[in-house]
Each structure stands twice: as C-alpha cells, then as structure tokens.
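Below: a set of structures, written as structure tokens.
Paired with chain B in one complex and with chain C in the other, chain A is shared by the two complexes that follow.
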Partner chain A sequence: MTDTVLFLLVDGLTNGLVYALLALSLVLVFTVTRVVNIAQGEYVMLGALTLADLLQGRMPGTLYLLIGGLALCAILDVGRWRRDWRQASLYTGGLIVAGIIALALTRGALALHLPVIGMMVVALILVAPLGALIYRFTVHPIPNATTIVFVIISVGVSMSVQGLGLLIWGANPYPVDPIAAGGVMMGPVFIRYQSFAILVTALLAMGGLYVFSEFTLVGKALQASAMNRLGAQFCGIPVNATGALAFLLAAAFSAVSGMLLAPLITANYEMGFMVGLKGFVGGAMGGLIDYPLSLVGVMIVGGLESTSAYVASAYRDVLVFSLLIPILLWRNTRSRVEAR
Partner chain B sequence: MKILSVAAAVAALTISVSVHAADKPELRIGSVVAMTGPASALGLPEKNALELLQEQLAKDTSLPFTVKFITYDDGSDPTKAVNNVRKLITEDRAHVVICCTTTPTSMAILETVTQAKVPNISLALGQSVIEPVQERHWIFKTPSTDQLQVTGLVNDMVKRGIKKVAFLGLEDSFGEGGWIAMQSVAKAKGVEIVASERFSRTDTNFTPQALKVRQSNPGAVYIHAIPPSAALVHQALKRVGYTGPIYHSGGSANNAFIAIGKQDVEGALLGTTPVLVYKDLPDSNPLKPVIAKFAALYEKRFNVPKVDIFPGQSWDAGNITLKAAEEVVKAGVKLDDLDASRAALRDKIEGVKNFVGVGGIFNYSPTDHLGLDHRSTFISVVKNGEFRLYESK
Partner chain C sequence: MTKLLEVANLTVGYGEAIAIDDISFSVARGEFITFIGPNGAGKTTLLNSLMGVLQQASGTVTFAGEDLKTLKPEARVARGIVIVPERRELFPGLNVEDHLRLGAFLRRHEGRAKMTAALDRIYTLLPKLKERRKQLAGTLSGGEQQMVAVGRALMAEPQLLMLDEPSTGLAPRITEEIFEAIDRLKAAGMTGILVEQNANLALSVAERGFVLEVGNVVAFGEAGQLRQDPRVLAAYLGAGDRYREAMTDT
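Let's turn to the complex of A and B:
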C-alpha cells in the first residue's frame, strides 16, 4: 500500500511540474497582454514533434511553419515600403536572414547528430519564435480588443495549429528518446531519470524567469507592462514588443514542457490541448496573475489527477476539471474581500 | 515531403478509370474511404488495395463484365461520407458501395444505403455496423470484430487456467466496444472481471490505473486500446511490477506498438487477423497462399516492407463483390438494370460461402453478415521485436 501512495505521489509531482511550465506561460501571457491563451498547449505539441523529427534525422515540419510565418510577416508589412522604404527593407531583410539562420541551424544540427539536449535547444529555437509570430498575426492588429475576443481567437489558433500538426505529421505517434534512458529504484518505486530531468528543468525555467524579470532591463519592462499597460507606454516602453516577447517566452516554456513530456508518452498531434487545459486549471488558482499560487494550483491538479485515476479512472478528468468551480468560487470571495 | 503526399492524396480524390472492353456490361464499384483526417493511416492502405485490384483487373479479360472503380475521400468525417455515398448512388450509379473506414462513418451511411437499396460492404471494426442483422439487410463487413478476437483470447486464458481478468480500455467508442465484448465473453466462459479501468489517448500518466489493476490481483490483463496508449499502459504495468500475461486487442497489432513499447512489450499477446502472422501458418492452411500472393503484390506495388491488416480488408470487399457479380451475370440479371442488379448482388453476397480472403474465410448467411469465425482469428506474440504466431498450449 505504501508503494502505491509513493507511486501516485511521484507521478503526481512529475505531471504537476509539466503543468507548472504551462501555468507559467499562461500567467506570463495573461499579465502582459490580457490574452487568456487557450492555444498555449499547442506549443507543447510543436515542441515534442519538432524534437521527435530532429532526433530521427528528419527535417522538422516546424521549419515550414516558421518560414511560412516569416513570409506572411513580410507580406503584412508591405504597406510600409511606400512610407519608409529604408526601415521596411531592413525589416524584410531581417526576416529573410532569420529564415536562413533557422534553415542553416536545422541542417547543421541534423548533420552533426547532436545529443538529445543539443537537439532540444535547436527545437526550442525553432518553436519559440512561432509564439511571437502568432502574436503578430492575432493580437498585434487589435491591441484594444476585449478579453473575450482574445479567448475566441486563441480557440481558433488552437484548432488551426492542431490541424496543421495533423497535416504535417499525420495521426501517428512518434517515440522520443529521453535525455537519459532508464531509471533508479527508490525504495519500492521505480523513478525514471526523465522525471528528474523534468524537475531540474522546471526549477531552472522558473528561476530563470525570476532572475530575468527582476534583474534585467528588458525583464523590468515586461513587468512594467504587466502591471500597467498605459503607464508603461507613457514611460516609453514599446508594449507591442513586450507582448511579442511574452508570447515568445511562453511558447519557449511550453515547448520545453512538451519536449520533457514526450519521452514519457510519445509525441502526437493531439497531445497539447489537454496539457494546456490542465495548466489552465492550475493557473486559475492564481487568477492567472499570481505565479506562486499558480504553482500550488498545478501541484493540486497533478496530485488530484493521479489519485482520481487510481480511485475512479473513468471520472479522472471530470474530477480535475470540476476543481475549477471551487477555485473560481474561492477566487471570487477573495477578490470581494480585497475590494472591501 | 509529408505535405506533398497529403496534397497528392487530396488531388487523387477521384480515381475513376474504367476497364474498356467491347460489348460487356459495366460493373461500377463505388467506395468511400478516409484518405485524409485522423483515420488516414487506415484509409490510405485501403485505397491502395482497391487501386491494386483495379490494375490487376485491367490485365484480366476473363470476367463477363468490365469494372469501373469510383473512389472518394471522406476525410474521416461522417457528414462527408454520407454526401459522397449519395453521390455514388445517384450520380455515379454504383452497383455496390464499399464504405467506410471507421465505425462512426459506417454508422452514418446506414440510412442512405438502406433507403436506396444498395449493397454496402463496410471496412469498420464495430459489430454494431452489421447487427441486428434484420435491420442491416444491405450491410456486410470484412474486418474481424472485437467479439471474435476477445473470444479467442479468453479461450487461451481458460486453457491456461486463468480465472480472473482485469480490463483496461480507452474511454471512447473503441474502448467501449471492447468492454461490451469482454463482459459477454467473460460471462460465457466463466471468467471473472476483477477490475475495469479507463484512460484516454491524450493522458499523460497511466501508472494509477496500472496500480489499481495490480491491486486487484488478476491472472491476466486485457488492454483494449491503440498505440501509443496501448504500449504506454503495458509499460506502466511492467513498471508497477505486474508480471502476469498481458493480452491486447487487434488495435495494437501494428508496428507503432513495438516501436513505442520496445523491449517492454516482449511477450505481449494480441488477438489478430491472419495477415499479421501468415508466414508462420502451416502450409496446409488455405489462407496462407492467398495472403502470400496478396502480400507480394501489395508490397511490390507500394514499396512497403510488410503489409498490415488494412489493405486486405478493402481487397476482400472488392473480391467478394466481383465473385457475387459473376454469379449475378451467370444468373442472367442485366447489370444495366440498376435496381434489379443491386438486389441480386446483395443476395449473392449473402450467399458467398467458403470464400478464402486475406482477412479470413468468409461464409455469409442471412443471420451472419460478418462471415468470419474462429478459423480466421489468431493470437500473435511479440518475440524479438516481431509479431509471431502464438502456439497455445
């Protein structure tokens, strides 16, 4: 019996950490841009499948998405050529250079047969800019839209990206190599090395974000636009650029979580959405604005998921998503107290 | 490359090449399969086999009629399937419809083919497609069913003296089908189901269900799922220290299962159709030469290392149609008379006896539109990363 409890605890914690990276992304995006990003989970899928492609020596399909997105960016910018051709040519040139760099990097990585960690970095460089591109296409044109409009847009983005994933990779699952194969027996419980990798990476990511936003100018600008968008604008902070940066960082965190998760469950086109939603339930605990509370939330989600799958497996998702109701009620009473 | 191949599949939406010959009536076989969408991994091989059959017929002039194949894509979508079947019946005036790849699409078109009185051969796994038979007068199918495969597996459990089994299944319609089959078979064979756990394809952790199963102390575990989750659940069972036999549905009988499960799935037992293990069958088995011939043709034409179970299903459907059509023409029914020949074709399909196909030996009857029995169901075991025939003790 004790080993059962230990198993559930370890797995709950591992999954909680995966969701934690998602919750981190959601909070980051929401605070800076006021977008409740339902599509956040899709970067999990993109990260996992890109890594799978790289490890199996194929040209990753993400490259098509990236180059297509950059091309679309250039097309959207076409109006500027008349007004200011110097700036416009610089911008377009930059996009072309970015595309070439991405292509060269991928080819180089495939030729060198980098180890898993090296391939993860390459995959990260390919996936993270997609976040900024999606910001450019869906949020940048309508900065003053209401939250509900952004929610609907993000649902659309989620469906489109998942559809593209199906088109590029097909419905087959791809096995992905872990950072370190095997595991260790701790008492009666077998723990995979990958679980430790998840723990270390999640802690590094959280620490990194903290250091970045507290001790760098760009990070402080990000924080400022999160606290007060208008005020930040008055201080000369380019809020559109900070929005794009938030999307980019969030995409990076989510992609990392996908790459860590993939060796445990394989990579496939529909893996992202559920992970994204569970991260969202955890993030809701912190009202999508509070990092520490969101962490508590995702750990509760991970633990509840693992115990409910044990106790009543047919109802495990029902139980996890029902958790939203008490969380929202609790948030509601709390905000009322604060208002008073 | 993949984008290209998908684009090619879309471009090939309509494949209609007729086999010309003078003064012979024309038999039109319409089919709708999932060339795109989530079920394309099944639908594309099915389309390929029909293409292969068409090419084979082009060389063959012995038939008393010419054959025209009309194939559409349903994108794994029931609505599209219904529209395309309607088009086949009214515009293309098909004599027989072969549709569809999945159980949901096959269920959606029942009404359409029944009303139009057109014989339909489904390529779906679900038993509900052809049962109850009195309501499914016009529907037949070629793939084996859950019931048949579970019966084969439970028989093996009984032979080994296993009295208690735990069920682990997907929580969608596929898993539900397995659960229903398992309940009725276990009851009939006197095996007790001591646990029933569910999971979904997008789950991230399968250990809790495995723990629950281990705790119920079963003699064997039966997993009704498809990869990746089928292989991941198997791994989870090993991880929590379960050492008994693990049985799988035919849904796991593909290369992805071994690619994901690797050494963990060694010894897994799977209910399967003969295609997967035909090389291990004794030479006396009538299925062996038929499958070997088809496999050689298919593997050469489409350049695949090993044929899987899906192309054989549409290949059989096409060949059963041809056999029935021969009988119809012999009986003097004119293929140009659409209504009469459709009805005659249905009767002749129902009359097909001892037809040795790739998926098994078919014996249709007014009470059985599946036509397969235990002679077409085998158990395969994963041995050194390959599916081999399992010799039950």
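Let's turn to the complex of A and C:
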C-alpha cells in the first residue's frame, strides 16, 4: 500500500512540476498583457517535436515557422520605411540576422550531433522567439482589446498552430530521448532520472524568473507593466516590448516543459492542448496572478491526475477538469470577501 | 527666450465628443505656465494628449523643433517630456526606490554612478522618500505617493515637467511641501506645465496662466494680471473656492 502511495506521490509530483512550468507561463503572460492564453500549450508541442526532429537528425519544421514569422514581421513593418528608413532598415536587418543565426545554429547542431541537453538549448532558441512573434501578430495591433477578445484570439492561435503542427509533422507520435535514460530505486519506489531532470529544470526556471524579476531593472519594468500599464508608459518603458518579452519567456518555459515531458509520453501534434489546459486549471487556483497559489494548484492537479489514473484511468481527464469547479467556487467566495 | 513647446490649434476628442477645442499656446525654456479651470474643463485631457496617451484630432504640437504627432508616450519620455499624472499611476507592489529607478529606465545604460547620483538628488529634494526607500508604494500615504510620482518623473531628467493636479486629495501641509519642491525645481531652471484646480496656488507658482473652460481658453495672461481679472476672481479665487472648501470639509 505505502509503495503504491509513494509511487503515486512521485508520479504526481513529476506531473505537477511539468504543469508548474505551464502555470508559470500563463501567469506571466496574463499579468503583463491581460491575455488568458489558451494557446500556451502549443509551445509544449512545438518544443517536444522540435527536440524530436533534432535528436533524429532532421531539420526541424519549427525553423521554417520561425523564418516565415520573421519575414511576416518585416512585411508588417513596411509602413515605417517612409517615416524613418534608418530605424526600419535596422529592424529588418536585425530580423534577417536573427533568421540566419537560427539557420546556422540548427545546421551546426545537426552536424555536431549534440547531446540531448545541447539539442534542448537549440530547440529552446528556435521555439521561444515564436512567442514574441505571435505577440507581434495578435496582441500588439490591438493593445486595448478586452480580455474576451484575447481569449478568442488565443483559441484561434491554438487551432492554427496545431494545424501547422499537423502539416509539418503529420499525425504520428515521435519518440524523444530522455536527458538520462534509466532511473534509480529509492527505497521501494523506482524513480526515473528524467523525473529528477524535471525537478531540477523546473526549480531552475522558477528561480531564474525570480532572480530576473527581482534583481534586474528590466525585470522590474516587466513587473511595473504588469501592475500599471499607463504608469509604465510614463516611465518610458516600451510596454509592447515588455509584452513581447513576457510572451517569449512564457514560450520558453512551456517549450522546456514539453521537452521534459515528451520522453515520458511521446510527442505528437495535439499533445499541447491538454497540457496547456491542465496548467490552466492549476493557474486558475491563483487567479492567473498569484505564482505561489498557482504552484499549489498544479501540484493538486498533478496529484489528482496520477491517483485517478491509478483508480479510474478512463476518467482521468474528467476528474482533473472537474477540479475547475471547486477552484472557481473557492476563488469566487474569496473575491467576494475581499470586495467586502 | 526660445520656445520649447509650441501648440497650435490643438483639438482632442473622445470619439465624437470634443474635449479640447482648437487651443494654441507655447512654453519658453525655463518658464512655468499653468492651466486652471473647473472639473471636466479638459485640463487632464490636454496633458494626456501632450504625453501621447490620447491621439490629437488636429493641430500641431512641436517640441524643440520636432513634430510630436506620431510619437508614442515612451518616445516622448525619451525626448524629455515627463508627466506627474493626476492619479499618480504608481506600481503598488514595488518599493519607492524601484519607482525611482524605473523613472530612469531609458537612461539605464548610463551606469551605476549616474543612477546613484540621480537618486541622491531626489532624496535631497524630497527627504521623506529616503526614509521610505524600501516601503511598497501601495502602503504609502497619499502625500508620500505624490512625492514618489514627482520623484519618479524627475529621475527621467525632464526638459518639460507636466504636473497634473499635484494637490488633489492632500492635506494643506503636504501640499505645501510638494509645492516647495516645485518652487525649488523652478528656481533651478525647470520648464513646466502645471494643471491645478487650486487657482491661488497655481498662480503663485507659474509666470503665466490660462483659464480653461469646456475645452476652450477663456482667459489668459501674466499670473499677476489673472489674479486681478474679475472673472477669474469670481469663479476661481473668490466665493467659489470657499464654497468648494466648505463642501469638501463636510
């Protein structure tokens, strides 16, 4: 009995940490830009499939997405050439250089047959900028839209990215190598090394975000844009840049989560949506604004998922999403108390 | 004197409604002007438009020879146009020193020594901020929050400082403290636009004043002259003010 409980606990913790990176992304994006990003899970899929391609020696399709996105960015900026050709040429030049660097990096990595961790870094560099690009295409043009408009847009983004994923990778699942194969017996439970990797990476990501936002001026500017957009503008903080930065960091966290998760479940084009929604259930616990409470939320989600998979595996997802009802009721009573 | 800011036939509206109707004025370097007028006259709208938060419907705004029309707020801050907003627009979860550092966000590459020197200058001007350095802005009193807003704006090293109702909601003693700081800035050569409901206070600081009513300038002139203007006396310096004070006291 204790063996089972311990096993479920470890499994739940591992799941929880994967969702924690998602919840972290969702809270970061929501606080800075007021976007409830349903599409956040798609970066999980992009991260996992990019890593799968790199590990199996193929040119990852993400590279084409990235280059296409950069090109579209340059086209959208075309109006600036007339007003200020210097700035515009610098900007377009920067986009071209970024595309070339991405191409060179990918080719180099494939030629060198980097180990899994190296490939993860390359995949991260390819996926994270997509977050900033999607911000540029969807949020940047309409900064004052209502939350509901952004929700609908993000559903659209989610569907489009999933469609592109299907187009590029097809419907087949791809196996992904773990950072380290095998595991270790700790007492009665067998723990995979990948679980340790997930733990370490999640802690590093959270710690990194904390240090960045508390100890650097740019991090403070990110917080400032989250707390008061107008006030941030009056300080001369470019709020579109902080929004893009939030999207980029969130995409990076989610992509990492996908790369860590993929070896446990194999990667496919529709894996992201589910993971994203589960991160969302956890994030809802903190109202998408509270990091610590969101962490509690994702741990509950992870725990419930592994227990229900054991007790009634067919109802696993049903049970996890049902959790949203008590969470929303609880938040509702809490906000009423605060309003009083 | 060279003109720092020139506003010609500026019109600003919210959709169909016109809030600022064809206003022209200019500010010379080293000069402080004021806009006085009742609530809803368009004073805040005027400053928000100069800041680039609101689009101008027509007219031109020229700052140091450059047309500002297409510039976003952050670009205007970079050129030295800085506002102390009416609602202060602070960051409740950040402390006082963070606010001041963020005020100098665009000058962050100038190095640690310059940042420290700038912080010291603010702390000398507004000593209360030094005591409260590590306190979160959300927990400060109204007066202290106003000082943070002023300090944050000054950290940007403004060419043109715009103050939107700095006395709103503050006790007289605190208001005095804030205006003493403004006086000292003026003495040091700061150019500014002050928007106030308290006409007496405003005309004691500024050299020239404009009376704004429903989006139009209805009177303007030297501060001394305006104080003698019978219309201004009746509406803003006389019985009206006392009436308003009586209302707010209860």
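Rule of thumb we're sticking to: the second predicted complex is superposed on the first by the 340 of 340 C-alpha atoms of A that agree within 3 Å, B and C clash if a C-alpha of one lies under 4 Å from a C-alpha of the other, contacts with A are read in each partner's own complex, and residues count from 1 in each chain.
Everything below uses one rule, namely that a residue touches a chain if its C-beta (ideal position, glycine included) is under 8 Å from a C-beta of that chain, and two chains touch if they have at least 3 such contacts.
All figures in this text were calculated on a predicted structure; none of them were measured in a lab.
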Partner chain(s) touched by A:238 [first = chain B, second = chain C, both, neither]: second
Touched chain A residues, chain B compared with chain C: B
Touched partner set for A:314, first chain B, second chain C, both or neither: first
Contacts of A:305 with chain B and chain C, given as first, second, both or neither: first
Contacts of A:223 with chain B and chain C, given as first, second, both or neither: second
Chain B versus chain C as contact partner of A:61, first or second or both or neither: first
Chain B versus chain C as contact partner of A:11, first or second or both or neither: first
Chain B and chain C footprints on chain A, overlapping residues: none
Contact footprint of chain A on chain C as seen in their complex: 51, 53, 70, 72-74, 77-78, 82-83, 85, 88-94, 98, 101-103, 105-106, 108, 152-153, 156
Chain A to chain C touching residues, read off their complex: 83, 217, 220-221, 223-224, 227-228, 230-239
Chain B residues within the chain A interface of the complex: 2-3, 6, 37-41, 171, 197-205, 207-209, 211-212, 215, 227-228, 232, 239-240, 256, 259-260, 262
Residues of chain A that touch chain B when the two form their complex: 4, 7-8, 11, 14-15, 18, 61, 64, 166-173, 175, 190, 261, 264-266, 268, 270-271, 273-275, 305-307, 309-310, 313-314, 316-317
